[in-house]
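One chain, chain A, links the two complexes that follow: it is found with chain B in the first and with chain C in the second.
Now for the complex of A and B:
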């Protein structure tokens, strides 16, 4: 648990799926090592223990939506444990439930998404992607394996420069890629035929909550009438409705945006006095919200749905996993 | 003038008759579309769906009729519903013809389908549904698994008969889902389960047939007295809607686009004139010119896709764009078996359905012609869809599809 928390803190572990899987596996370990203190019931005590772990993780880095949904799932599973189970049986049940969740909601869901999304890639396409989403990476590699001929444009932005990791992995597999920064997006967009984006979560009004910069990419794509496909597993959907990016967000390290890595000459902010620094606020937002008008289709494990159908999935099928 | 040979009607033969050709043919139509007698419709550049529509509704000249009759006389194994396109052929003859093909093993679902299809009033998907229901009835399977496998095979062969027709694929899929969704099938003895399946299949066929009446009733609220309706294409559902409105003594007038090259507008205006509805024909290019006087735009649909958009005859998207920019409501009348799980992202994202276009004069061979027969209208240009499930907004289509398919 400490290890996972520190990985979050250091930024080694990023990406909704990776963080969620790591957290769930850490919970599995914690459950296995757990033993009920005397005079306490398993369900209540374990729930409060989980709560404690979650607070620790929040200290390291605020939860992503996917993690939030997974924790709710886990708590509901714990609450539903029949009281007649012995402690070891309860623990094995919980661990197998977690395994099933990871398998069905993430691993298998990704496979279904791959199949659907690959049908939308034709020979001769120029695909644009932003940042580094594990699902989009899988889609591109899968389509390449299927033998489709396409080019990829990887758009990246400071300070995280996540696109470079994606770029490296794609180039190694032999895809022809172009790399550019976010400020050049309107320059490359006229050549692009499809835009593939990942999401951290999708809200009930179809708003896509994803890495900061995604909204700009989607907006420019919409202006150029390029279809935008958002690929997201259904477990990341959330009932919340968010109208803009400010009301709920995560702040990153402000100093990260005051410097450009590798360019020591661009250091205009270094010599400010403290009095001057009072007037300056460095805002490093991690997420932004893309309105549903800019999205053409959301590819999930339930198939390809329009953004207006997210509440249908949330309403109809989220209850399902609470009752696994 | 649409050039065709009697082989359109006579499915069994492959010969290439050059019939009476009143106008010079274009070079593009140098080879007639033969209808092969294998279950697969091999003609790659002409959609079978449009062949059917043409066969049902093409303008029949008397010498063409005579030639068709003569050709019929030569082939004794053909069904009796020839030459008389406009009237509904008796069903018994068609069904009997299909089943006489052989013993149970040789029962061809394609024959059954073709015999149902010949009725011009019957939609293709409903014909497929009826054919599949007949498969269950005449099946010799002894277990549920066998029956399901047979059904699946029949459904696949129907779907492959015309891969470009969306309503056919969707109708077959929905039928399979509806019929096989009964739980506890395994626990009953086979015969009662089979009779239950047949019951459900008949019910589905009936619902699909009644769909048009339901849609006509639902859409009456949207046709008010004194309105001007613009229609495009020959949709039997839209015709039913307008017929019902005329029967209810509503005063309205209809603007029909010409609908080249199928000349759907001419046929549609014919039908409307019979109902004493004032109708005005426009050339396709005159739509924007007349859009000011239009109150309501009404389309049918070949298929309704998951995004809430529709796939319909070429020209629909254009008219919807003009209507949208001039703030006119665009209504679509479509039965629920046309809902398909496709999701086109743009016009070229669907499997193409081509049909030859006769410009009336020879075209030099260097010149390409856009022969696609249909286009995709995205949901933001549609106001409402009238379906037998109710009056829906485009975003609800995905909701309905998720409920139907998942």
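Now for the complex of A and C:
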């Protein structure tokens, strides 16, 4: 558990799915090592224990919505354990439940999504993606394997430059790519025929909560009448309603935006005196919210839906995971 | 650069003479002294051949100017007149602060001769840059030059700094993407001193030999095969005098560099300077011509790209790397694909498809023509329905309607290809007949075209064009003019290596198979397969994308490779077991593999490690394996959840013993026992494996027989247990 937390902190683990899977596997291990103290019931004690782990993880890095959903799932599973089960039985049930969650909600969901999304890629398309989303990467590779002829434009931005990682993997697989920074988005958008975006979460009013910059990409695409497809597993949906990205967000390291690594000549902010720093606020937001108006379709494991239908999935989904 | 020098003089007073008095000089060899570009170079010097429609020498000169060189001596030999005429008429002759002086020679036959001649002229007064006129670069010289000077101050014997760049050769063809052979260099990682240089290693031997003293004298040595020599050298004056002293030095690398490295009497040293983000490459053969052209079009050489270099003729860059001059006549239905350059005054007809190609000025291209990955120079006429793939077509060529150029064809100046004629792959066609006697020494070969014979020939040509027509009509179809050069024996197999065309897949497959046979033990075939894919992506630039061989086996192989890499890293960096489990799990998810595959792959990597770690006898090997298994049993165990997976491990092991790690064959029962002891394999798994194998044919049962005793013992133990239970 500690290790996963530290990995979050160091930024080794990033991407909604990777973080969620790592967390769930850590929980699995914790459950295996767990033994109920005398005079306590497993259900109660384990729940509080998990609560402790979660608060530790939050300290390392704020949880994403998807992780919140996963934790909620786990807690409900624990609460619904029949009291008649022995401790070891309960533990194995929980572990297999977690495995099933990872498999069904993440791994299989991704497969379903890429099947759906690949139908929307035609020969000669120019696809644009922003940052690095693992679902979008899988979609692109899958479509390439199917032999579709298309080009990819990878748009990226400072300070994370995650797009470069994606770019590297795509180029190795032989896709033809163009790489550019977010600043040039209006130039490249002319020839783009589809925009594929990943999401950290989707709220029930259809707002997409994703890496900062996504909103601008979606808006420019909208202005150019380019369809925007957001690819997101249904377990990341959340019933909250959010209108802007300020009231709930994550702040990154402010130094990351004030410095350019490896370029001494452009680090203009280096030698500010403390007095001058008082007048400066560095704002490194991690996420932003894209209003549903700018999104053409959301591709989920339940199929392709308009952003207005998110509440249906949220409702149905909650019912479902209480049942499994 | 200039400003920096002045600054340096003001501060460093002890050696102002060297720094301030001499402007930075460069020697540019406008002759490669090789025949790789024949037959084209029989009529025009290599440095004047257009590279994305601009003569190569312009790239080199533009870079020298931008890098702060003030005085360039252009050494011309073959076709010296053409070079001199070109330079005089070009803008280079009238640049302020950048003087281009030509030095002409008719009897030099090698770079060594050239440098001796320059030494006699006594024009070089300090450090200089030695470069050949076919180099494209955008690196900054400042740092390399500073390093060179600092070293010189400390050690007067540090006379040369070579520029190198990271570039991994393909493991199959042993060739870099520039088409040059794999290069081995030993470099001292601290001082960057070059200790060993070998560009013509014998692959058949499979090893290279280093001098023992190399290791003894240097605290650390890194042997690289992933560096590319950029052929940009910063030299001190001594280099010139060395050439004069050793009058047998001909080749810059083969004689001079190797000579210095071997000969330690004088104690001269060569150092390297590695560039990372900037570009530097030399056009050595047709393949590098192709590669570098693509790099230029994709703007890796910025600012030395066509639209910047020829500012006057207004070339516009459009999306997807297409370059178009201002007055191109393009039919509406013509398809003008990505990474294509079209020069001024060119006309393109209806339904013509062009991609990944360069088309020069004033060309006329008919309708329904297909051009892929080809380089078409100026004033070329291509009639309707022609097809060109990966070809080089020189000035003034005429392709009659329906002609087809197969990959790798070179058409030299003014060749005419007849109607419907198919020029076979890799053929070189010229109006000039192939020189009959082939000298074995590459360097000397050039001599016959250098000493004025080139002009002589063309004179003859002008008079004889009529007989040529009738004579060669058969050779290039009706109405064709030109000779197809025959490729002399031995070289034919190698032709594809240096051709403009991408390496054909069947060659790759053949090479892969050869290699597999050679090093079954060393190379896991996963290595080679994925490498082929790498190469493929290289050639994908030509639009030939077929990834048919993407199957699940492929996936598994690369998965196995990844697992192995992960495991090795875990071993070498002491990664904790549970972290390794997590990593392998992540791999499993991303490759969509079952945990059965994980178990197999991990076990495979463990055993491979055991085989590869040093051992002298079977017992030592056994001990190695035991150590590794003990340390990592938890990792392996976490992927073996049921008996089927354990059986898979046994099967995997059997397979290894048969194929890649035959040394284990003798140890099979012992290792099996070991795995049983460590509780990695349950007895049920072993017994079920034995039962399954019982029915197999005789050859399959080799290992079963070997481990018969052990299985017998297991069976008995089980029975005893059963007895006790009762």
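For the reader, a short list of remarks on this structure follows.
Everything below uses one rule, namely that the second predicted complex is superposed on the first by the 324 of 324 C-alpha atoms of A that agree within 3 Å, B and C clash if a C-alpha of one lies under 4 Å from a C-alpha of the other, contacts with A are read in each partner's own complex, and residues count from 1 in each chain.
Just so it is clear, contacts are C-beta pairs under 8 Å (C-beta built on N, C-alpha and C of every residue); 3 or more make two chains touch, one makes a residue touch a chain.
Nothing here was measured: the structure is a model prediction, and the numbers come from that model.
When both complexes are superposed on chain A, chain B and chain C sit side by side without a clash. Shared-chain residue A:61: touches no atom of chain B or chain C. Look at A:194: by the touch rule set out above, it reaches chain B but stays clear of chain C.
Seen from the CA centre of chain A, the centres of chain B and chain C span an angle of about 100°, rounded to a multiple of 10.
In the superposed pair of complexes, A:222 makes contact with neither chain B nor chain C. Touch criterion not met for A:91: it reaches neither chain B nor chain C. Of the two partner chains, chain B is the only one touched by A:312; chain C is not. Of the two partner chains, chain C is the only one touched by A:18; chain B is not. Distance between chain B and chain C in the overlay is 13 Å (nearest C-alpha pair, rounded to whole angstrom).
Shared interface residues of chain A, touching chain B in one complex and chain C in the other, do not exist.
The residues of chain C lying in touch with chain A in their complex are 319-320, 338, 533-534, 536-537, 540, 545, 547, 550, 578-579, 582, 585-586, 589, 592. Residue ranges of chain A in contact with chain B, taken from their complex: 120, 194, 227, 229, 296-297, 302-306, 308-309, 312-313, 316-317.
Considering their complex, residues 306-308, 341, 343, 345-346, 349, 379, 395, 398-399, 402-403, 405-406 of chain B touch chain A.
If you check the complex, the residues on chain A that touch chain C are 3, 18, 21-22, 25, 29, 107, 144-145, 147, 149, 151, 171-174, 176, 178, 190-191.
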